[in-house]
Amino acid sequence: MMGDPGPDGRYGEFGGRFVPESLVPACLELEEAFRSAWADPAFRARLDDLLARFGGRPTPVTECHRLGERLGIRLLLKREDLAHTGSHKLNNVVGQALLTERMGKHRMIAETGAGQHGVAAATAAALLGLDCTVFMGEVDTERQALNVFRMELLGAQVKTVRTGSRTLKDAVNEALREWVATVEDTHYCLGSVMGPHPFPYMVRELQRVVGTEAHAQSLEILGAVPDVVVACVGGGSNAAGTFTGFVDTGARLVGVEAAGGAAATNGIPGILHGMRSRLLQDEDGQIREAESISAGLDYPGIGPEHAHLGSIGRAEYARATDDEVLDAFSVLARTEGIIAALEPCHALAWVIAEAGRSIAAGSTVLVTLSGRGDKDVAQVRDLLAQRAGR
Amino acid sequence: MAATSVTARPGGLESALRARRAGGAKLLIPYVMAGMTDDWIEVLQAIASAGADAIEVGLPFSDPMIDGPVVQAAGLAAFERHPTIQGLLDRLATAQLGIPIAIMTYYNLVFRFGHRRFAAALTAAGVSAAIVPDLSLEELDPWAAAADAGGIETVLMVAPSTPPARVASIAARSRGFLYAITRMGVTGERTALGDAAKGVVERARAVSDLPICAGIGISTPDQAREVCEVADGVVVGSALVRRLLDGAGPEGAAEFVRELRGALGG
Amino acid sequence: MMGDPGPDGRYGEFGGRFVPESLVPACLELEEAFRSAWADPAFRARLDDLLARFGGRPTPVTECHRLGERLGIRLLLKREDLAHTGSHKLNNVVGQALLTERMGKHRMIAETGAGQHGVAAATAAALLGLDCTVFMGEVDTERQALNVFRMELLGAQVKTVRTGSRTLKDAVNEALREWVATVEDTHYCLGSVMGPHPFPYMVRELQRVVGTEAHAQSLEILGAVPDVVVACVGGGSNAAGTFTGFVDTGARLVGVEAAGGAAATNGIPGILHGMRSRLLQDEDGQIREAESISAGLDYPGIGPEHAHLGSIGRAEYARATDDEVLDAFSVLARTEGIIAALEPCHALAWVIAEAGRSIAAGSTVLVTLSGRGDKDVAQVRDLLAQRAGR
Amino acid sequence: MAATSVTARPGGLESALRARRAGGAKLLIPYVMAGMTDDWIEVLQAIASAGADAIEVGLPFSDPMIDGPVVQAAGLAAFERHPTIQGLLDRLATAQLGIPIAIMTYYNLVFRFGHRRFAAALTAAGVSAAIVPDLSLEELDPWAAAADAGGIETVLMVAPSTPPARVASIAARSRGFLYAITRMGVTGERTALGDAAKGVVERARAVSDLPICAGIGISTPDQAREVCEVADGVVVGSALVRRLLDGAGPEGAAEFVRELRGALGG
């Protein structure tokens, strides 16, 4: 399972490549480039080397003794928060930047919501001396002005997107539009396991390192694979990367979405951004906006492979509310000394809610901590103050 | 336009265009976003009377991936009037244009409607054809089957980036006409015809005898004339839509279409 | 060199233990506890394990190909920015937290300037379930309100210090005062290689891991020890840790201070915070305030061992101006995709200034990147805007 | 106080205190920060007349590690008057108190002055002794050599945390008197005598026949009397300094010292 989706990029009924004809050749070129690079030991070695020496891989797995004890389980965290730029996003962008170079292109474009993927993409571009333009909705450039400045520091140009809901999904639209116009010398560095084939496949493969490492580290720490493997799902890249390491084991796989952006559980099959997947949409098929405290999960769809894994029952998809997430954020800081991003706190919140319920006492649980919380601290301060006041 | 002359029946886009081409005319297909103004039906009627050979009518989608700013604005304007897709089709059914209509929209609306139901709804609205730009050749089958069965012609696109062999495959599946994208980029006005414009038409011509209409970025009568040195016709979108957004109304729209018509020859 | 300073904690004429009698027994107890722990393989194993699995060690060494080429040298960065909490400070606090536990104490106190050490200390305390109080000058709590919140999230109590210049040096005074009053159950977790013996020795040993790793990694990358080894100096802990790995080689060792806080170059021997070292002071011996754009270097002294290494000529101490530091910050972001803390940008700024001058073309240079720049991004934005305006 | 009676010469602190103890009196040593008010010299004079046996005079330091808030405030007040250390000593030289003076300050001021020069400056200012709280036993030698040579007595401290053997070593090096810190903590007023107070005095007594004066946190006449059940005397700092900061002036200071004197017996 979680193998090659073939030339059509299908995951059961999901996936595919739904793009204007102008982009089809670029997608085909990218697929070919990726497949050849992925089979090329020199490419893999260069990627591995950059991820290790520049990116800080392998990231460790930390056992949370105090919180685990409190929950009656053994709790492991895969520490993507320790990767350079502060999240798993780096794994993907370094790979795509190398591919950009390999395809003879000198420019990357990317979409970003809160800015994590944008900062990561700008970082990889700076590292390899590529030009970089990042599309970001106006609502987000205002909320995350510092991340805009970060990208600019890294030499990227940030283009404010004023169309649609002026958030992540519109940034994707705008990046796709730009790609159509510049595809000859420009690679579109998509940030998650979404979009047209080969993106969901390629990004999952680039994130596979998370699961591969976590599998080996779990064996080392637990002597066995964890009973439950949990990750948050925005587009689904950290979850996909994690799941690759465990999909062929007996581990229960759980993806946790924001209650306000739960495309896996509330979504209806449809087509957006080049893929067929589950989407939040109305009767007519107009896409609805997602809404949660964590910008990284504010996406009305999920990667097609997740839609498939959910359909066939190999993975479960659950939701966490904003309140549960804030609690998880606080408890992890206080009992384990880790300030995590709000996104993976969704995964943790689900574990906290289910420990002693669907997670039996004594179970071993691995949560992918997809990023660090520095970006969220100001927001959490305001939210906690608000909550205390209400 | 006489409300009684119904030369175009559903399914009739290709035959109508072939007939006009056979008569030595260049084809003119203006684009209007459904529901973008209160008088959009009157706009369609005015355009039809002003020399259009067919009309491309957009159905607004929340995430119009290949639309430039002008068409996006038209889509937003349509959304502000809160139309449902069925509501728009119902209005369209009243238009009685006397020339074929091709719907242009994104695949999710089609998919959500259901392929067969959508084809039937188009037919009921007097629509002959559909253009679904994000439905690539590889993903075409389910819709094409329903469309073919329902008598709806599916217009496919070729782009400057499409390699010759693929142009042939696409042309073979296209119905109504073959839409030649003249430049890489989204819809929108341009000051000059792209370098790629004629090449893509010529590559299409080499493998297909379908009417070949050029579109995306054709903004002026001069550009229309220039591209029609090789193409059979043009689709003009943003340049018209901008005028409508600026308040041109049915008369202004008709005026622009007449200009285009004039440039292309009667 | 850089061995055991003996029971007096002397580094040549520097070091010692200048504290009120109330604290002498605590210092003696600490020295004994540290010496016994440091000789105890079980303690070392636990520390190493936490640094690896919780802290993300080893941190990589990154070669900066693009910037190195521009400077005509081979440039390596020791990436302490990738350690948990974002700087080398973690190495020290985890060790001291374990010692606190070992001494049977249940509480740590710490001073902090900008908040890096305070956040690190609060983190280590949370990890081990210790109480934690952090002293921070009022000027700093205002400038760094988010770091105050971070510490509180981690369960620490932050005490605002309103005495003296209301900055780092006063926070040290206040922490020492608190320590006098609570020494029975409280360990003072000092943040750098300063203070009374055994702190300069202990903190240097806890930071030794930086130099040990960097030495091995340099050999692996260069096949040799770097020609020049550079680190920034606030109190001097990251520099001391780095230097341990190279002091017995032929490498040129350089510590770089903020021009406005250059105790090593402008300081005069004196006694402050329990140590004899070089200090910024006036005619009478009143301590002067340090001033630079990087709060982490705003300290009017340096660790005594640095004063000694400078005196005997084994290490050089140099200065970087605020302007040079901002330039280094920008150039590193843009050419290498790394947003570094302002503190290590002092070290980098010196390398940029000296490349082709006292650093011969073709030299190999290792810079310790002591921390990441997320904490500084807002300030840099304002400073660059200011500079553009002037 | 008669300006002419000069019983205390430099070096005379210990002999003066021993003599008073031998006479059955408890020793009272108030603390005042030099330069903290404009009339600080008058304050010293008033205190001397009010029954103090010696006076501890603080020299302000930028980083007074063991001072509590009140004494810190006094130090700041002194800094605001921009005194230099030499300037303060020069003023002090004019005081003619008739009782011994012990300077209390931090080691950096001593070190920066230079040990011999500092000892000479103290002598020139009519000072008998020095208390340097951050100069621990192990670091004492350089200063002690200069002080001994210059006839300045160095008062050392023992704390509740000092183990017995160390108390003996410290006592052996202390001159003038032995300063028994009665509680762990910085200077400042407390509502009650600490538990540790008497213990530390008793441990000191067991190994030394120096006068033993208790200090740090002795705030009231009652506390002074209580600790003097075991100690030979008390140092009273913050409680007096606070009154001075509140504007008590020489008279108010003298009044408080008389209260203390009364509590300790004539």
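The first chain written gets the first letter, and so on, giving A, B, C and D; residue counts start at 1 in each chain.
Methods note: a residue touches a chain if its C-beta (ideal position, glycine included) is under 8 Å from a C-beta of that chain, and two chains touch if they have at least 3 such contacts.
Note that the coordinates shown come from a computational prediction; the quantities given were computed from them, not determined experimentally.
Farthest from chain B in terms of Cα centroid separation is D. Rounded to a whole number, the gap between the C-alpha centres of chain A and chain B is 38 angstrom. Distance between chain centres (mean CA atoms), chain A to chain D: 67 Å.
Centre-to-centre spacing of chain B and chain D amounts to 98 Å, using the average Cα coordinate of each chain.
If you sketch which chains touch which, the chains link end to end in a single open path, with no loop closing it.
Applying the touch definition to every pair of chains gives A-B, A-C, C-D. Touching chain A in their complex are the following residues of chain B: 61-69, 72, 84-85, 106-113, 133-139, 156-163, 166, 170, 181, 184-186.
The part of chain A that touches chain B in the complex is made up of residues 8, 16-26, 163-164, 169-170, 173, 176-177, 180-184, 268-274, 276, 279, 281, 283-287.
Partner chain A is touched in their complex by these residues of chain C: 52-56, 59-63, 66, 79, 81-84, 86, 122-127, 129, 146, 149-150, 153-155, 329-330, 333-339, 374, 377-378, 380-381.
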